[in-house]
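Next come two complexes built around chain A: one with chain B, the other with chain C.
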Partner chain A sequence: MRARIRTPAWKRYNWRVVWLSLLYAAFLLPAVYGFKHQIIPDPLKYLVAILPAMPIIGIFGALGRYLVEEQDEYVRMLMVRQTLWASAFALSIATVWGFLDNFGLVGHADGYWIVIVYFIGLGFGGLYNKLTLGDGGC
Partner chain B sequence: MENRLRLLRAERNWSQQDLGERLEVSRQSVNAIETGKYDPSLPLAFRIAELFDLPIEDIFVSPSRRASKAI
Partner chain C sequence: MAYADFTPAQRAHTKRVLWLMLAYIVVLPPLIWLRATRHIGDGVLLAMAIAAALPVLGIFASWGRYVSDERDEYHRSLTLGRIAVATNVTMGAAVVWGFLQAFGVMPLIETYWVPFVWVVVQGLYGCIEVFSRKGAQS
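== the complex of A and B ==
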């Protein structure tokens, strides 16, 4: 089995994602606790509710920064293909789900699920790269 | 794109890893170029040509010339 491609830019991207994931947990857990026990003052509710979204947005930023920093053009192309796959997959699922929801055939899904679908799409993109080029990317 | 990269590398007894380090790209990039699965950008093609001290067209086969020869 071939080793994954570990470029310096990928390592930096990976560290950023680890830190942002920790930040996400640090924001989410107090927010869930605070809302459950109704201890968050009204003026702060929007801020506390939005805070966990910020590290997720940061991950998208890290992805963009990775594409700028990656010096290996072939590896960069693999990631571009992965992100295109993820975008197409997430938007397609959202569109189909939206119509099904509109006609009352499925339950309403929380908006943040689309991020999870996007990350699943990244996995499919890596699989597509592996099947067509023999390299899954980072 | 068809090319002579594997042959040129073998003449120098370089592994794909060796060539990748000289070009500052991954071993997987070298493999993808050698097997024609990935066409390098013009800057990378020039780096490859300069490394082997050859003109680009002595390393990479022009797809249009290859097609006209086939006709």
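== the complex of A and C ==
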């Protein structure tokens, strides 16, 4: 069944994610170094802070494009189920954490943690697919 | 689309969401008042924070149940499209804000703003869909 999941659209999606991940590392490391050593001029700070976010947004774009390009309806359905699980998981964690924060029980969390939780949710979605349908998906 | 045109799954989902929003409106103000005016132990605060989050989690669960219950493939695909757009926009906003926070150029905010953005984007995209369909018909 794994061979069926490795469709041309899935391969393109994987390559896009690999390139975007490399781009992420290429933007993040200089940004961290620059902010740590305070060598970034004030007018450029917003730009340098936003740059590492762009490849991550690109990964969400790649996910959307994959769903449009995928011709195998079964494999697309697996990914849709995964993304639904990931969305529900990330939004639920954000809601609970937000109220715990509001009532003074936990500290503020940087917003990008939601995205990390989302990707963990994709893993849970894959696990749910595996347990219920026998295929984990992408 | 008028309520009379709703599918059975849409009607059930709308009722569930309205009840959950009512529960949210009833539960939240006393919790905020208690937090502001009384000295409360951490255990009770934890229960209060989770109680405030539960109706919102219920709304996400209701979306999941709607997608599962909906028999009209067209409506289901519209909903899945809206969810995908809302999730991508929300995650994009979260990751940009997250990096701006991490590099100290924007303030930290409570994470429950993330599901708030998700709900707003989903509503806005739904409106855009309705107006674009009306524009195409006329």
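Basically, the second predicted complex is superposed on the first by the 134 of 138 C-alpha atoms of A that agree within 3 Å, B and C clash if a C-alpha of one lies under 4 Å from a C-alpha of the other, contacts with A are read in each partner's own complex, and residues count from 1 in each chain.
Just so we're on the same page, a contact is a pair of C-beta atoms (placed from the backbone, for glycine too) under 8 Å apart; a residue touches a chain by one contact, two chains touch by 3 or more.
Predicted model only: the values in this text are computed from it and were never measured.
Asks: Please tell me, clash or fit, for chain B and chain C sharing chain A in the overlay.
Replies: fit
Asks: Counting residues of chain A touched by each partner, does chain B or chain C come out ahead?
Replies: The partner that reaches more residues of chain A in the superposed model: C.
Asks: What is the contact status of A:114 with respect to chain B (first) and chain C (second): first, second, both, or neither?
Replies: second
Asks: Where does A:134 make contact in the superposed view: on chain B (first), on chain C (second), on both, or on neither?
Replies: It touches chain B, and chain C stays clear.
Asks: Please give the least Cα distance, whole angstrom, that chain B and chain C reach in the superposed model.
Replies: Shortest inter-chain C-alpha distance (chain B to chain C): 10 Å.
Asks: How about chain B: which of its residues touch chain A in the complex?
Replies: Touch residues, chain B against chain A: 24-26, 28-29, 31-33, 37-38, 40-41, 44.
Asks: Can you tell me which positions in chain A touch chain B when the two form their complex?
Replies: Per the touch definition, chain A meets chain B at residues 2, 5, 7, 71-75, 77, 133-135.
Asks: Taking the complex as given, what residues does chain C use to touch chain A?
Replies: Going by the criterion above, the answer is residues 31, 35, 42, 45-46, 48-50, 52-53, 56-57, 60-61, 63-64, 67, 80, 83-84, 87-88, 90-105, 108-115, 118.
Asks: If we count contacts the way the header does, which residues on chain A are in touch with chain C in the complex?
Replies: 31, 35, 45-46, 48-50, 52-53, 56-57, 60-61, 63-64, 67, 80, 83-84, 86-88, 90-105, 108-115, 118
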